Structure formats: structure tokens, C-alpha cells
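The following blocks contain the structures, represented as C-alpha cells.
Look at the two complexes coming up: subunit A is in both, with subunit B in one and subunit C in the other.
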Partner chain A sequence: MTSCGNPATEQDALMHRRTKFDKARVCIKCRENPGNVVIRHAVYCKECFFPMMAGKFRKTLEPAVNPVPDGPRKKGLKPAGNLCLGFSGGLGSSVLLDLVSRSYFSTYAGEDAKGGTDHPRNTSVWKKATVCYVEICGALPGTRDRTNEVRAVVERYKHFDFVPLRIEDAFDDAWWEMVGGRRPEAHFNVDLADEELPMTSAPAASTDSIAALRAYIASLPTQTAVPSTIQTLVRLLLLHTAWATESSHLLLGTSLTSLSVSLISSISQGGGYVVREEAQEEWQPTVHIGAKRTVRVNRPLRDLGMKECAVWAWWHGLDVIGKENILGGRQGIGALTKNFIVGLERDYPSTVSTIARTCSKLAPKDGADTTCVLCERPAQPGVQEWKARISIRSFDEPALVSPPPHLKKVLVPKRESQAEAAPQHSLTPRLCYACHTTLTSRSSRGSTSVSAHANSTPLPVWVVSQLGSGDGEQWRSRKMEESDMKASLAEFLLPDS
Partner chain B sequence: MSTGDTITLKVEFSGGLELLFSNQRSHKLSVPALVPKKYGDASSETKPADITFLIHYLRDNLLKERVELFMESDTVRPGILVLVNDTDWELEGEGDYSLKAGDEIVFISTLHGG
Partner chain C sequence: MPPRTCALCANNRAMLKRPKTGQQICRDCFFYVFETEVHNTIIQSNLFKPGDRVAIGASGGKDSTVLAYVMKALNERYQYGLDLFLLSIDEGITGYRDDSLETVKRNQQQYSMPLKILSYDELYGWTMDAIVSQVGKKNNCTFCGVFRRQALDRGAAMLHVDHIVTGHNADDIAETVLMNIMRGDIARLGRCTSICTQGEDTIKRSKPFKYAYEKEIVMYAYFKKLDYFSTECIYSPDAYRGHARVFLKDLEAARPSAIIDIIHSGEAFEIRDDLKATQKAQQTCKRCGYMSSNDLCKACTLLEGLERGMANSGITDRARKRLDAEGPAPDNLRTIPFYQSPSGAASLAVETAPS
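Then we have the complex of A and B:
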């Protein structure tokens, strides 16, 4: 009951609470059966719920299956490569795995196949399907390894190969070689305590990838940066695995609810420029690996909320093993956004889909000509200059000790002189705004403890590989002996007469 | 089954909620048929036991840890779906649904982990 007056004196002061469904309790599809579930004010019975859900899933996925997106589908679905599914063990990916299996693999070449083996209904859309799981317990000490539980779930679906990864593989040269990369010749450490992110040559690759991962995580400045970093590392591990398995599609179990959370959370952390990529993206490795092709990242559950997924999982008896709560502390942007969106979904369910629909209409004003070396997404040009102009990064900033306007012309701004003195080998110009903010932004509260590794933080293998690949700046600093210098110039020197 | 003063129910937890309830998914329990209108206040008027009462009862009798993951403001936390005899509780009046003997109430968390 909702109060709209004084119920003690007025009999009609209490309004009846508005129901969560629009009209009657009868299913809006068949108009016969009593409803079983309310989805954003619409009532469905159990029989109509399943085809509605499978239909929405296919309607989202199928226009993106053929190489030309949204092209005519009359000739059937012909993807350019294999299929890779990112599996986290959570609700969305469990439902995704089930839906993909039921929609595209289960009827394939069965004994009771109708229409013959050549009938499109009985041919598999993707020749090969891989399920990739990234175990993140290495990044979160005290959490358990779920690889075997995930393996048991995936093995129930006979059409999928299981590829287990560990998040520390992001710092492992052997994994990088396995997915087709070239073992980097040089390794670098970065100083996260300095906003310019100066890099120094590391003496050798760390043989202990888990120590490198933990050093990287421990160097991050805020509670928010930790989950963002884990998400970025997992995303890149999945993308490279999709590439290595010659997959044209990487499917993720992001539901409408979790997409809205990641959109708002990403924008809050400076990822507004890649808001489109957060929903759907075409990716290829920045470092040249093999033939020129792309991996299309698709989220086929993006029109289905967590409620639909939970009901599907319950009615189909799916075993949802769950995933680690990487959002961690309550003060992190990710955790706060999730609490807000989940509450919003209960009270105003249609608003959550409005978030995703509104974000799908957003596009950056200018195209990107560079890619961030860390997240491998488009990077906004000139972002560092803009950031320097609009934000106070320290109390020594020129803005805070600014001379009067009439003196400005004669005084050299401190920022420019700092830029001249900035280290020559800086990671900052090669990062997007969001990644730079994640690595450097300090918080007035909820900062992580200061790490001893902050001055020499190792970098993920794909970053190292790009820094030494020659498609950008290639460098290595070491002090040369005079004889070495002479030797390198020998052919240009005139002989002493 | 109803035994006059009590109602027997089957309560299930899924989607990770079972971890808060002794890691046991299914529970059979008996609750009073009539309960105080205001939970815990024996002197107040009575009403037939409803889901709001059941939620409080589960909190006080079966929940083992972290009440904030189950309840918020006299109802279940956002993100927890409730089914009454396989039907969404939003169709049954949510917390106002009066419990009947033999009812199956399922609590499903949509927030398992991250």
C-alpha cells in the first residue's frame, strides 16, 4: 500500500499498490494460459516463455553471423570462421552456452534429424566451437580455483572444446607464443607512480607469471582499478584465444542488466569514447599475427535481463556454478553501479533497457587513428593534452599558482617545461583515456595500499609485444662503450689521412 | 500440509543463495498459519502468514550468514527472484501472498558472484 494522505482519518487515503504487470494475469502471447512470469510488465506463461527467449537470442545474434553484418539472411548463416564462447561460470554465460547448444548444435546430424543431413536445419552453423574459461583466482588471493567445476559443466555439452586459461597467462610468454605471438625480445617495466608512466627495460622476462600479475594488480591506485584491470585482461585473453582458434565470433553472456552496468561503469571510468565497443566490436590483434581477419564480439543476451536468464536457468535445471565477485569493495565504481542498476531493474524494469538503447545510439565525434596498447580499443587522439587542460592533477599545477593574466605571456607555463623534461620513453601517449585513468588516477578515499612494485610494474605480453614490434616507436636504452659507438658508425667514418 | 495452527511448506534456494542457508538447497518447514501483522510484535493484530512473514522467518531461523545478501528493507534484496508454485511472485501480490499448505516457494539469486 502506498500512502497518499492521512490513513487514520481518511478511508481512501491508502492507494492500492500498482501491479508489476500491465493488464491481466493471462499470457500476452497465447492469451489462454495463466501467466508464470512478468518480464518488463508483460506476462508470459511457461510454454510461451521459452520460444520468446530463444527468439530474442537468435534475433540479436543472427544478423551478426555473416561477414557482412545485418546483410540478407536468406542464403543462411555462413560465418567466416569458428565460434568461441567466453564462459565465466556466472548466470549469463551458463544460459548462453545452453542457448547456443540448443539453437545451433543439438539438432545437428541427429538420428531423428528431419529433412535429411543436407537440410540447413541439420547442418552446424559453425564448424568448430570452443568454450574458453579464464580462471581469475591468481589475481584474487583467497579465492578458489573453479576450473574443474567449469570443465564439468562444459563437458555436458558434447559439441564444445574446452580451453581453460589462467589470468596470469597475460604475463606469460609461453601463452603468447601459443596464441601465435612472437616471444618479445625485450621486456619493460613501467612506473605507475608517475603520470607520464615512464618505462625502463627489464633485465629479463619474469619467469613467474603469477608474481608479475600480482605485482601489476598491487600497483594499481584505486579499488575501482582492480576489477577494471581484471576485466581488461580477461577480455584480451578471450580475444586472443578466439583469434588462435580461428574463430570469427566471440560470444559473451552479457545480459541486458550486466550490459547496462558495464556501460554506465565504463563511462564513469572514462570509457565514453568506446561506448559502442562495450556493446559490440570488431577486433583484430594490434600486433600482426597470421592472416588478416577479425573477431566479432557479440553479446546475444543483450536484450534479455537477468530475470529472464534466471528463470531460464531454473526451468531448464541449469547448474550455475557462479563466479568470483571481482567488483570487490563496496566503494568501487563497478560495485556501486551494479547495486544501482539491479535496484533500478526491480523498481523500474524498463529503464534498464533504456540505458542500453540510449548508449547504442552514441558515437564518438571523431574517428580514432590509434589503438590503445593495453585494451586494444580505439584511442581518442589528443586526449592527454585535453586531460592536462581540464583537470588539476596535483597541487603544484600551474592553474593553482597561476600568475595574473597580464603576466601569462611572459612566463613559460610549468606544464610545457615539464613536458620537455618528461621521460622520452613513456607509455602514456599510447594509452586511451580510460586505461591511463585506471593506471594513474588517485582516489581521495578507498585507495589501495601503496605497493613496493609501483615503480617497476611489469606489463602484459601483448603490450610488451607492441612496444617492441616496430609498428610504433622501437627503442631500448643502454649505455654504449666508445668502441661500440665507433663500430656502429664505422662505415660512415672517413679514414684518417 | 496444514495442521490447524501451522502450514507446511517447501522452500528452495538457488543461484548461490543456498550458500547462505547451510549450503542446503531444499528445506521443508512449518510456519504458523496466523502471524502478528507486525513481525515480532506478538501484541499486534494477526494476519494469515504471507511471504513477507516467511522472509523474516527465514532470516531468523535458517539464514546462517550475511543477512544483507538476502534482505533489504523488509523484503528480499533486489536481484533475488521469488517463485510461488513455479509462478513469479509479482503475479501473486509479492510479499502479500498468503501462504497455503503445500506451497513451494523458490528464491533464486541472479547475482551469483560478480
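Then we have the complex of A and C:
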């Protein structure tokens, strides 16, 4: 119908609305069965949907399985270590666990094996698989502990070991030793009320890790910083667990939609330098622990939208527990970004995939030779100079070329505690832009509840370990005993006799 | 509750909460840090050299009004040695541009800066009112954006200036970073955070307010009692950009540093090396001599569509093919005057402020 008449008088003058899916209602793949689901303008029947989804999942994951990525997939999958899955209880990770189990950990055995003994379905690509869950109720008072529910779900899959963690483990020396870290000799507190983030030695580690976590959360300058901090702590707990279980791969159930949200959210928080790591990264602990190897973080659902995941879970009857909303309410950058992207997707359906595709074409501008002690991602040099230049926060700053004309004498306000204090060591130069901003950026709406711990906030164990390890800046000093000197020269000293 | 003292000078009473840092400071310290940050931006990027002739893109809105004031102040205070001009573009939108052009004319007198007003009608033979009557409100922003960019360059060439400064602020740049990511425009994403852009044979163009928050610009105008016109374009605004703007304002409300954080992100990444080679090389338009990625520049393509009664040919590929199928452009087609590079002599006299 191509009438150009007057729509006010002629009913036929209006063109028919274009349907949201392809012309036919028959499956685009088999062209026989009636379609059951519409995925981005294409119709699939139930039988064709499953192999399509499993195929996309494997196509994303398998090029990254072998130590040298992007090699030919036909030569077989030989990962360098075990497998670790980050499980949150949400839709993405539930689907991921199911897909990994179906694709790589066969439930068939012996003569009944379908596809021959060499088929990936019948051999375990990874020798050992671990599912790691981090319970975050310690950071969010009033939320429930879901560990037992998650355990029940994971135990339905035979081939996976379950490793339950708690977010407060990030402040627990015992957990740090369990994953191979060395118990730090000294502990430090940081003053989050001061933008320089000065550090002081703490007498001893807090034995109450949950109190340390809550002190850390309560000291954050804004509500917005809380979700970002929880995400960073969970990420590092998962990475260290993957490392401790000798896993070469850490898989996360990030769908295309969640990846786009996390990319925009990260960029909005100053994480542009690590935009590549947000999609895929190779990680190794900054503090030397054991042999030199890396954990490859992969998101095999990154080409599958939230809708595909939901349909897979529904048709397979997966038990999706759900997760706490850590993105924050109206004040969370993550929550704002999610609302924005999901809303935009309704009017501009290709936005989600465009964001992920655009970000995959980006690379950091300059090479980094340092790593952030908090998030353990590459840190861009010169960040503090940049910040000082673009926003003057004190008349003490070197970026100031001449004194303000309205003041005969510049009076610089000094905090009482700082005025006469001895020179302090600062955490600031060892943080990346995004982490420093999270710890210092204030809101005009006011901060989190004023914390009594803001001046002496404990730090996560991996941060303490790096500060005390002598990697990078060495700033603690102690008198060298004769035995220490002798030990350091042992291989050059000849025996007395 | 006793009045708070300024967080910077600890001397005067704090009058405002700075949107960028959240610090409570006095009015004089606000003026000082605002101007000094713009000066730092100019100095760090080596934007000017003594003797440069610089045109300030002036619309009569808040950004360009404050820019003209600050540029004049900094030029005198730090002895940049610049010859400053005001350059305005009249899009020909009845009721939208008239009042703001009056502001620009007042600025011309207040700051004793020569002013040049160049209209779309004069340059292209079309006003935006006429364009909208042909294309409707849906795609008119494409025409306006393309025509304005070229009009500024042409106006600057007429003034024989070396450099155009525009009032793009931090909010605009952060918004553009987000927009380019969402639209997949990696070429623009790679250059949108650059403070200064210059192609071969084009006039240098820069954004001294790159790190200045929109709210602070308004605050500066308010305390300095600068008058400007705040008028929304009467033709439909770019809906997609509108979504990005609302999102950015939400982010800023949650965390004021979000604007600067996005700019920092934009400065920290670049297009991957292997993709740079696939970018189109710059050439000049065969019809008007302006820079272009194709044989015809975007403005000539749009103008040809308007002249031949097929305005959408510059917007969609399908309409372009329809236009091509109708044969080559007729010889009597109205075209844009050939672009004179900035090295040529000034071709127009300028209105100067009365002494």
C-alpha cells in the first residue's frame, strides 16, 4: 500500500507499521517450525534457539582458551590451567554456569557419549572447575545472606567445586594467607577526609574484618562511591581466588547489555584508560605470589543480550536466585547508567551493541608502567598534575602562576591536625584516576553518614601487602641487623673454615 | 550558625559552593580560580602566539558572552598580544537569533572588538526557516550543524584571522564523548576531546572552556552581571543528544566530578592503531574547495539536495541514489562561493565598534 492521500480523511493514507521481526513467522534457521522467540528482528523456534545461543557462547569463549589467544580453534582447546566462574546468583551467571556445564563438562560417559570421545562435550577442557561466590551482605546492612541458596544451585552441577567468600574477606589476613599472600608485617590506615590520602601506620591488623569493611565503606565520601567500591572488592576477591585455584580463566556472566552498562559507567567514573580491561583482561597479582602466570578474565556472554539469557533460563528451567542491587539507588552511577541504556535501547535498539563495539576499537593512549594498588589495573601517569591544573583546590598549588589580586597576602587554611604534623606518606600517587576519584570526589548533596573512621580507615589486604612489600615506592625504614646483612650477602661470603 | 569562610583564602565570607569541586568559596576567589583555570588551559596547550588574530565565535548565549569577557581580560592581564574579533553566524531563524545578535552587538561596543555577522542566507542562499519549510523538523539539525561549521570557517577567512575560539564547555565535551560512543563514531570520538583542531588549509579552532563547567559559566555571568540570551532553538532539538544531556545532568547531580571524569576518560583512550589506517583521508571539495572526506563536502551535498528539491539526498543513501539517478547537477545550480584559504587577504570589511 503506497497511498499518499490525506490521513485525516482517508483511512488508507497511513502506512502500516513495520513489524518488529522479519516478514515471516517461521524460524529463520530451519525455515520449517513456527517461531517461538524474536531476537533482534530475527525469529527462532525453540529447537534452533538453543544451538544458536550455545554456538555464540563458544564462538566468543574458545578463541581465548589457549594460552596464545585467537589461534585456530580446530587444533583443540588446551588451557594453561583450571577454570574459575564468578557467580553472583543473577541471570547472567546462572546462564553462564549452565552453558559451561553443558558445553565443556559432559554428563555423558563411556559408550553413550555423543559426538565421539574427542568431542569437547565428552572431554573436560579444564581439569578442574571452581564456582566462586562473594556474599556482599556484610557491606549492605539489611540485606540477606544468600550463600546457602547459591550453594544449592551450584551443587546441582556435578563437576564444580564451590568456593563461598564474603566481601569482608578483603580485610581478612587469614583469607589473604589462604590465597597465597604473605601476612603483612605492618598495617596502614588512610585518611579519606584529606584529598592527599595520607597514610599512618596502624598498630595491628583489625581482627574483626567486618568492622574494617564497614569502617571503609562508611568513610567513603559519597553514596556513589559505595557501589564502585563493592564492585572493585568483589573483582579482586574473584581474581585472587582464580589465582589460588590455579585457574587460567575466570569467566563472568556479563551479557551484552551489562557490558555496555559497565563500559559507560566506567567511562563516567574516569576509567577510560582501562576501557579495554572492562571487556577482557589478563591479570596477575601485583604482589609476587608463586609462579609467574596470568588469569585471563573472559565474558563469554558478551554477544548475547539480556533477552536471550532470560529465554535460555526460562526454557531450561534454571533457578535464578537474583542478586542484591549493588548499583545503588538514584545516586549510583551504575544504576543511572543502567536506566539510561535500557531506556535508550527501547527507542534506539542497536545502541547496546554499538557501545560494546565502539569500545572494543579503543586502546589506552600512553603505555603505563605502574599499576593501581587498589584495583590492580594499569594506572596512567601524571594524573595528579592533570587534576591540579584543571581545578585549583588550593592557593598552594604549583599550577598557580600568580597570587590572587584581591588578596595582599595569601592565607592558606590549614587543618589543625595537618598544621604541625610531620611529613606524611600518601596513598594518592599509587592510585589510578578512577580509584582516586572514588575515594575523594565529593557531592554537593552531602556525603555518606559522617564516619568516625574517616581519619583512620583500614585498607584491603592486597593494598596493605603492596605498601609493605617494597614493590614500587619503599617508604618504611628499619635498622638492618647484622644477621639480615649477612643473609643478603650469603652467596658472596666464603665459609670461615 | 556563623558564616563560613572561603575554603581558598580563609579570609572572606564564602558566597557560593563551587560546582566543580564542592568547595565553599568567596566571589573574588571564584573569579580568580575560574579565570586562572582557563589561562592554564590556554598556556598548557600553547593555543596562541603574540600577534595572532583570533575570532571569538559569538552567539549571544552564555558561553560565548563569558568567553568574550574572559578572553579580553586574560589577553590584557597576561599580555597574550592577541587581536580579538567577534564572529557571529545568523542562521535565519525568526525569533531565535534576533535577540541574541543584539547581545553580540552590545558586546562589540563594551569590549571594543570588531564584529562580523555572516548569515546562512548570504552564504548559502537559504535561511533555516526556509530549510525547515522544505525538510521539516526531523533532520534540520543536520543542515544547521554542517552549515554553521563551514560558515564559521568562511567568516574567519573573511576576517583574515588565524584562529577561532568557541565557547564549548566541559559539559558539551563530556556529552559529545558519550554521544560518539553510543553512535559508534570512532573518528569523532578520537578527536572530540582535543582542545585544538586543525586540518590542512583550515583555520585553527579551539575550546578554552574545555574544562569549565556550564554551571560555573552561568555563575560567572551572574556575578559579573553579564547579560546574555538563553533561548532554546524553536526547531526540534536533537532528541538523541537530549537523552545524553539528561543522563549527564543526572550523573553530575550524583557526582559532580562526573563531567571531568568523562573528559579524562576521553583523553585517556584513542582509536586502536590497526583501525587508524581505515579512516578516510582528508581532501578538498571539488565544488567549493572546503575540506571534505568525499568529492563533495557535506554542505555542498546538502545544498544540492535543497536546490534540486530533494533535501533528503544529503541525509540518506537511498535518497542520494535517487538524486544521482536523475543525472548530474545542472550548470545553473546555486553553489557555495569557493573557499579562500586563511592565507588569502581579508575579503570583507568588518564593522568596528564606535570609539
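Going forward, the second predicted complex is superposed on the first by the 407 of 497 C-alpha atoms of A that agree within 3 Å, B and C clash if a C-alpha of one lies under 4 Å from a C-alpha of the other, contacts with A are read in each partner's own complex, and residues count from 1 in each chain.
Simple rule for what comes next: a residue touches a chain if its C-beta (ideal position, glycine included) is under 8 Å from a C-beta of that chain, and two chains touch if they have at least 3 such contacts.
Bear in mind that the values here come from a model prediction, so they are computed numbers and not experimental data.
Student: Pick one for A:Ser268: touches subunit B only (first), subunit C only (second), both, or neither.
Tutor: A:Ser268 sits against subunit C, while subunit B stays out of touch.
Student: Look at A:Leu336 in the shared chain and tell me whether it touches subunit B only, subunit C only, both, or neither; answer first, second, both or neither.
Tutor: Second partner only.
Student: Looking only at subunit A, is it subunit B or subunit C that touches more of its residues?
Tutor: Higher number of touched subunit A residues: C.
Student: In the superposed arrangement, which partner chain does A:Lys127 touch: subunit B (first), subunit C (second), both, or neither?
Tutor: neither
Student: On the A-aligned overlay, A:Thr437 touches which partner chain: subunit B = first, subunit C = second, or both, or neither?
Tutor: second
Student: With both complexes superposed on chain A, which partner does A:Cys309 reach: first (subunit B), second (subunit C), both or neither?
Tutor: A:Cys309 contacts subunit B only, not subunit C.
Student: Taking the superposition as given, does A:Thr222 touch the first partner, subunit B, the second, subunit C, both, or neither?
Tutor: After superposition on chain A, A:Thr222 lies in contact with subunit C alone.
Student: A:Gln380 in the overlay: touching subunit B, subunit C, both, or neither? Say first, second, both or neither.
Tutor: second
Student: State which residues of subunit A lie in both footprints, the one left by subunit B and the one left by subunit C.
Tutor: 343
Student: Of all residues in subunit A, which touch subunit C in the complex?
Tutor: Its residues touching subunit C are 222-224, 263-264, 266-273, 275, 330-333, 336-337, 340, 343-344, 348, 351, 354-355, 357-359, 361-365, 380, 386, 389-395, 399-401, 404-407, 410-413, 433-434, 437, 441-445.
Student: For subunit C, which residues are in contact with subunit A within the complex?
Tutor: Touching subunit A: residues 5, 7-11, 17, 19-23, 28-29, 32-33, 36-37, 39-41, 43-44, 177-178, 180-186, 189, 211, 240, 243, 247, 250-251, 253-258, 260-262, 264-273, 275 of subunit C.
Student: So in the complex, the part of subunit A that touches subunit B is made up of which residues?
Tutor: Per the touch definition, subunit A meets subunit B at residues 19-21, 25, 34-38, 43, 46, 88-91, 227, 257, 306-307, 309-311, 313-314, 320, 322-327, 338-339, 342-343, 345-347.
Student: Help me check something: in the complex, which residues belonging to subunit B touch subunit A?
Tutor: Touching subunit A from subunit B are residues 14-16, 78-79, 81, 83, 86-88, 90-91, 94, 106, 108-114.
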